[in-house]
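Both complexes shown next keep subunit A, but they swap its partner, so subunit B is in the first and subunit C is in the second.
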Partner chain A sequence: MTDDKQAKSHTHVETRGAHDLGGFLNYLLAHGIDARISREEMPTTPYEERADAMLLLLSNAGKGLLNIHAMRRASEKFSHEDYLKLSYYDRWLRAIVALCIETGIFSTQEWEAKKRQVMRRNKFSQQRQSD
Partner chain B sequence: MANYETNHHTKDADVDNEPLLEGEIWEVALRELLLLKRVITNAELNEQLNRTASQTFAIGASVIAHAWADENFKKSLLSNPKAMIADLGYDVSSMPDLVIVSNTPDIHNVIVCTLCSCYPRYMLGPPPDWYRSAAYRARIVRDPREVLIEFGLEISAETKIRVYDSTADLRYMVLPLCPVSVENMAVADLQVLVTRDSMIGVGAPKSP
Partner chain C sequence: MGKKQGFLNGQFVRVKSLWSAEHHRVPHYLKGKIGQVISCLGHVENPEMRAYFKDNRDPYILYRVRFTHAHLWGGNKMDEIFADLAGKWLSELEE
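This part shows the complex of A and B:
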């Protein structure tokens, strides 16, 4: 196997975005990512399906609220660590939230409050269950 | 991918008494805020979920079958894909630009999106997991011949392999070689031979 297209790519990660994966096999291996291509097609989970639906609804083809280039920018700004750690739809959820805040669909405060509310509600339902 | 196997919740997150995954918390919070702000409605969300669930590679297969059956259609399709797909009665108004790359005995084409997951979704339905995976994106441009063998597709050493890297604005799709001995077959019968993977370039069409 020859070297990655950019020499010492895994020591010079700052020179390219984490999303720019073409050719960087050694980089994946250096980060402990399985380089085998799993051809098993897992069913999409309900939350992933809804994330996908929201992404399409907000995009150009849907309501046109989030421009495809803005979407790309938001999905390409992850750190290398986050990019490799987060699942596909978890990256998209973070990108959509960042763009919604940026374009004023909701504020950072509204987002943080809502997220806390969802977490509390879930803990509450757990407690109720164990009572 | 790393976290994928753990994300298996079959019930709706709201009524689930198990702890929510972090991604589920983000999804529920985002959805509730968008509904609250009337940016989207539940009806729109359900319509979109149904649209996606009904998306398959059928349109792609139909277009390829027409190209196999009619050399003139094929020529026009390669030079002006959107117009010719619209001619078959499909609404392509919201489809990003599409280029159809034709396999020949000398050239085998395969598609990828190294930067993300851009895919001719309108033609082929949602992309498979492996198309979005870091491993496929990193490797197919490096050593396509080896990757294709893993997919069970052995390309002869004399055949060149071209890898097309899709972008947000421009999607690629492969026109596979027509299987042998399909003369006089009807378009509907040809369509059954077209596989999704053959239009990505990682598989062959079925034999009649």
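This part shows the complex of A and C:
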């Protein structure tokens, strides 16, 4: 079945979650998404390990506040562009934040305030390094 | 969706063509398609409930179902796709 034919039946590709675009290769390519699977082993970065640790602490192995199914649900809500362009662990982090706000672990205001604080701190340390 | 989830190995089934905005684990490209049950994987945690932090009450039994590329994409007849799908998302094939 062609992409067009499948899109016409039931829901259109634009209205579906970015997690469920299997088979819509032309749509992905049109949005600049490289759908090929990279078989290269990538090195782990410290931020990825921290994201992983954070999720473990929040999920059933730790505090039991989040679970993998809720994480998937939260990522499915991202726009196609965000979902497809974000890296795997960036998607995780964004889902963790969305669920923490949803479940009241912290508020949107607290999250924004913390973000500003960290950004100021980073800017300050960058300035000091360049001085 | 019906409560009956008993499918036999080798049985042909059709994936239900339901269009839910709620979290579920059935890809679009399999909905309405016919596959063959390969094995029953038993009860698992219900992701449709857990995704909303709800408890797992409905039976949620996974089946491994085989589909051919030819049927899904019109590709060659040799390649196959295996998907683990919940019994509640499968229906018996109409005669």
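The working rule: the second predicted complex is superposed on the first by the 116 of 131 C-alpha atoms of A that agree within 3 Å, B and C clash if a C-alpha of one lies under 4 Å from a C-alpha of the other, contacts with A are read in each partner's own complex, and residues count from 1 in each chain.
What we mean here is this: a contact is a pair of C-beta atoms (placed from the backbone, for glycine too) under 8 Å apart; a residue touches a chain by one contact, two chains touch by 3 or more.
Because the structure is predicted, anything quoted here is derived from the model rather than measured.
In the superposition on chain A, contact is made by A:Arg72 with both subunit B and subunit C.
Touch criterion met: A:Thr103 reaches subunit C, while subunit B stays clear of it.
In the superposition on chain A, contact of A:Arg16 is made with subunit C only, not with subunit B. Contacts of A:Ile37 after superposition: subunit B is touched, whereas subunit C is not reached. Set against each other, subunit B and subunit C touch different numbers of residues in subunit A, with B touching more. Look at A:Pro46: by the touch rule set out above, it reaches subunit B but stays clear of subunit C.
Within the superposed three-chain model, A:Gly64 lies out of touch with both subunit B and subunit C [touch as defined at top].
On subunit A, the surface touched by subunit B in one complex and the surface touched by subunit C in the other have residues 1, 20-23, 69, 72, 76 in common.
Residues 1, 5, 19-25, 27-28, 33-42, 44-54, 56-58, 60-63, 65, 68-69, 71-72, 75-76, 84-90, 93-94, 96-97, 100, 105-106, 110-111, 114-115, 117-119, 122, 125-126, 129 of subunit A are the ones that touch subunit B when the two sit in their complex. Within the complex formed with subunit A, the subunit B residues making contact are 1-5, 7-13, 17, 19-34, 37, 39-40, 44-45, 48-49, 52, 94, 112, 114-117, 126, 128-130, 132-139, 141-143, 147, 150-151, 165, 168-169. Of all the residues in subunit A, the ones that touch subunit C in their complex are 1, 6, 10-11, 16, 20-23, 67, 69-70, 72-73, 76, 103.
If you check the complex, the residues on subunit C that touch subunit A are 17, 19, 23, 27-29, 31, 45, 47-48, 50-53, 72-74.
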